[in-house]
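First chain A sits with chain B, and in the next complex the same chain sits with chain C.
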Partner chain A sequence: MTKTFKRYLKLYGMFLSQYLKAVMHSRTDFLIGFLAFFLIQFGGIAFIALVFRQIPDLMGWSFYDLLFIYGFANIPRGIDHMFTDYLWLLAGNVIVQGEFDRYLLRPIHPLFQIIAQRFQPDGIGEMIIGILLVVYAASKGGIEFTAGKIILLIVMVIFSTIIYTSIKLILASIAFWTKRSQSILFMFYSMSEFSKYPLAIYHKFIRTFITYIVPFALTAYIPASYFLGESSLMESLGLTVSISLIALALGLFIFSRGIKQYESVGN
Partner chain B sequence: MKKLLRTYFPFTKAVVQGFMAYRINFYVYILGDLFQIVVLLYIWFAIFSSATSEMIQGFTFDQMIGYVVISTLTSMLIANDVHWDISHDVQSGNIATSLIKPVNYQLLKFFYCIGNILINIMFLFLPLWGCYTLYDFIANGTLPNLLHLMLYLFSVSLSALILFYINYLFGLAAFFVEYVFGFIFAKEALLRLLSGQLIPLSFFPASIFNLFKFLPFAGLVYTPTMIYLGKYTGSDLQFNLLIQAVWVLLLMGLTQFVWNRAIKRLTILGG
Partner chain C sequence: MENMIEVKGLTKTFKSYKKGKGLSGTIKTLFKREVTEIEAVKDISFNIRPGEIIGYIGANGAGKSTTIKMMTGILNPTSGFVKVDGRVPYEKRQENAKHIGVVFGQKTQLWWDLPVGETFAILKEIYQVPDAFYAEQMKYFDEIFELSEFMGQTVRTLSLGQRMRADLAASMLHNPKVLFLDEPTIGLDVMVKERIRKAIKDMNKRYGTTILLTTHDMSDIEELCHRIIIIDKGQLLYDGGIDTIRRDFGYERKIVFDLRYDDAEVVGAILQQMRDEIQGCTPENMTYTLSESQLSVIFNRNEINISSIMNYVLQHLNVIDFSVKDMDIEAIVKRF
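On to the complex of A and B.
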């Protein structure tokens, strides 16, 4: 078990170093990607800032509370973006063009190959902006961070990332049956927008839906609410961990079922 | 004119026919975009219930719903994917075949864009606008003002031209940068903010707002939307329509300039 794990870790390192060489080769591309995702974040932050010029607080939440949630949302999103971007391609043309065959021929787990196939440096920008926002909002908003809380934050980010990856894995795996699933993946991925603001502003149906069905609420508001003193550790961490593990199990299950019934288009 | 149409209209037809094959996908993507609107409406509801007065920056809550809906519909109406099409032409080398044909490349893309807009009108704008108008009539008993509607159609035509030229320029960027995907993503993020699609431009501090009024981006969404809502009248109306028209001309010139520069850089490998 540990032997396989070590082998896979070493393999990933090799894949990554190859990829980073390519990235360093075209630094302009890296900067453009960084700028693009920075601008997307900037738009969201500007919206919050402009709105708060008009109101003292949003249903009890301060400007810094909202900034904290918004920043938190970007950390797992960015990390997932860095490592599992190939799932977008799997949902796109990979199966139609018969490219998936080669992952089944090698003596390495196909899911590992898919993950290792691509490293998306654009995600680094998203993650860094997320971290900066969280730190800034915490210091300005008077949220005190002890060493324990920082560890807790990291743990929550890890499980939030698992949720992003699992949702993408489930929806990308549909392509094994339908050949393409990028539009469905995009539609569900767009629901992550809901998680950037306090859940209380939404109708009860939406709240339940994005907590239990497409659990994006667990990638931002619910974990962040613990640090804002809105919910207990059990409510935030407990829910995030348990649902993320269920989602991951479901994702792996659907992926392996998909591979079993996958038929090559031939080439 | 007749000859022009006979040469180029088939390109418009091809876009619409291509679309018909992928209609379901199109609607699934649109559903994703609509979630953002739902989020925006909830946020505005929360903002208005937290505000100390009933008006924020000259908008009542109902007017803000109108703004969100009409600005979204406007951006859907004028959307085109000329930039993706051109960058694809450049990166795949297909542009060479277009260049040796006896057609004008920009006109070709213009008619491609018309195809995009026809699809937007038939399959997005009209059904959604119909739903909103019906809702507005049942909930508030108001019907769209005919004069505002006519002026809106005029203004939005200018918006469509401005966006065509902007996207054309970004498509030509493929001659200069490799990572067009990131470049176009950056453009889209910037446009969302500067065009007033995300928030009415009047929410910006006065000095920034006064600057934005003179940029081409306000003419994409903010100007037509304000006209539809009847918030621009008299000299305001004339001024903003003039700004739109001036930008159409300026961008027209700029595309020619960039095209001449870009075409000199073109090297096609093999054939």
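On to the complex of A and C.
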């Protein structure tokens, strides 16, 4: 088991070092992507700042609270974006064009091969912005970070990332039956925007929906609310961990059922 | 072990759903779908012994690739079974993958963005090839495929011939017991084809690798295969030695001449004369067709010397261009 894990880790390192080399070669691409991303993020933050010029607080949430949640949302999203971007292509043309064949011909897990197929450097920007915002909002908003809390934050980020990946995996795997599932993946993925703001501002239906059905609330608001003193550790960590593990198990299950059902294509 | 590959009663049926036209049609199909079943492979059985090189032949859409996909574990059969080296490939997919090598001529199995050198380093890790054997294999591949020519290039920048050499080497790196080669020479020029055939033969000799290959090129078959299996419309048509095929079809050659004159009568008269003048030119051994200004002569090269036909035609007719062709596999399948 550990031997297999080590082997996969080594393999991933080999792929990653190649991708990073390629990124370095096309530095302009990288810089433009980076710049575009910062502009988008700047827009989002400016929007929150503008709203708070008009109102002192939003249902009891201060500007810095919101900024904290907003920043937190970017961290797991960015990490997932970096490592599992190829799931979008699984939902796109990979199955229609019979490209999936090759993942079934190697003696390593097909999901690993899909993930190792791409590294998306754009995700680094998202993650960095997220970390900067979280640190800034915490220091201005008076949230004290002990070593223990930092470790907790990292743990929560890991499980939040698992939720992102699992939701993408579940929706991309639908393509095994429908040949393509990019539009449905896009539709649900867009709901992650909801997670950037406090749940309290939404209708009860949406709250339930993004906590239990498409659990994006667990990628930002629910874990962040612990650090903002709005919910207990048990509540936020417990919910995040358990739902992320359920989502991951479901994703892996649907993926492997999908492979059994895979029909390839003729030449 | 007696059989390296065992195929029994293998059948694959694809279901396809008819889509209704327009919005109402789409909604209708949501509730009631019309299913059409396509039998791509029907009740095929054969056995392959270790070390054999088998030509797996059929027209496009005959079911060759579908069979190979079941033998490599990509597809599950509808009924019947496959065993490769004692394993059922679609049940023990990853275990089976360790012991086979696969090349699809139409599509590379390699990583588009990686340099060729790095590709092999990664494959070494995936198949856990020991260091010493890896070094030996890479040296050997460099001899037969001249890989060092393009080791530093990424796969996406390779020419078709280079890519095929890289793909073949990649499929052989871990010294698989069975190689499945689907159209390994498609689109390649004669020199590269020759090199690839030599490598396939060499692998088979060196390690006793069992090889199953599909091709449209009759010379691939003649040079490599001891035995061929022909399928058509998903069904087994012929399974046996190459000799029968060679006796019946292998010695047929076709020369196509482009002529400056297209007066059928004149040409016909000259060819009638040729029958009398060249030895063995009976209607059995030589036939010709004339369409527009193109003359095709099909003859048995065992009975008639190719140079005598060439001489005669070039002397008596005004030839702009000519080409000599092997009989193609489609034509052979059709005659069965």
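The rule is short, and it goes like this: the second predicted complex is superposed on the first by the 267 of 267 C-alpha atoms of A that agree within 3 Å, B and C clash if a C-alpha of one lies under 4 Å from a C-alpha of the other, contacts with A are read in each partner's own complex, and residues count from 1 in each chain.
Following the convention adopted for this analysis, a contact is a pair of C-beta atoms (placed from the backbone, for glycine too) under 8 Å apart; a residue touches a chain by one contact, two chains touch by 3 or more.
Keep in mind the model is a prediction, meaning the values are calculated, not measured.
Novice: Quick one: chain B and chain C on chain A, clash or fit?
Specialist: fit
Novice: Identify the partner contact of A:Tyr202: answer first if only chain B is touched, second if only chain C is, both if each is, neither if none is.
Specialist: After superposition on chain A, A:Tyr202 lies in contact with chain B alone.
Novice: Once chain A of both complexes is superposed, is A:Ile213 in touch with chain B (first), chain C (second), both, or neither?
Specialist: In the superposition, A:Ile213 contacts neither chain B nor chain C.
Novice: Return first, second, both or neither, reflecting whether A:Met234 touches chain B, chain C, both chains, or no partner chain.
Specialist: In the superposition, A:Met234 contacts neither chain B nor chain C.
Novice: Chain B or chain C: which reaches more residues on chain A?
Specialist: Touched residues of chain A are more numerous for B.
Novice: From the CA centre of chain A, what is the angle out to the CA centres of chain B and chain C, nearest 10°?
Specialist: After fitting both complexes on chain A, the angle is 90 degrees.
Novice: Once chain A of both complexes is superposed, is A:Phe37 in touch with chain B (first), chain C (second), both, or neither?
Specialist: first
Novice: Just the number, please: smallest Cα separation between chain B and chain C in the overlaid arrangement, in Å.
Specialist: 9
Novice: Counting contacts the way the document defines them, which residues of chain A are shared by the two interfaces, the one with chain B and the one with chain C?
Specialist: No residue of chain A touches both chain B and chain C.
Novice: Residue numbers of chain C touching chain A in their complex, please.
Specialist: So the residues of chain C touching chain A come out as 14, 40, 60-61, 65-66, 69, 72-76, 93-95, 97-98, 102, 104, 106-107, 109, 111, 113-115, 118, 121-122, 125-128.
Novice: Which residues of chain B touch chain A once you look at their complex with the stated criterion?
Specialist: 25, 28-29, 31-33, 35-36, 38-39, 42-43, 45-47, 49-52, 56-57, 177-179, 182-183, 185-186, 189-190, 192-193, 198-199, 203-205
Novice: Please output the residues of chain A touching chain B within their complex, sorted ascending.
Specialist: 26, 28-29, 32-33, 35-37, 39-40, 42-43, 46-47, 50-51, 53-59, 122, 183-184, 186-191, 193-194, 196-197, 201-203, 206
Novice: For the complex, give me every residue of chain A touching chain C.
Specialist: Chain A residues touching chain C: 7, 10-11, 14-15, 18-19, 22, 98-99, 101-102, 104-109, 117, 260, 262-264, 266-267.
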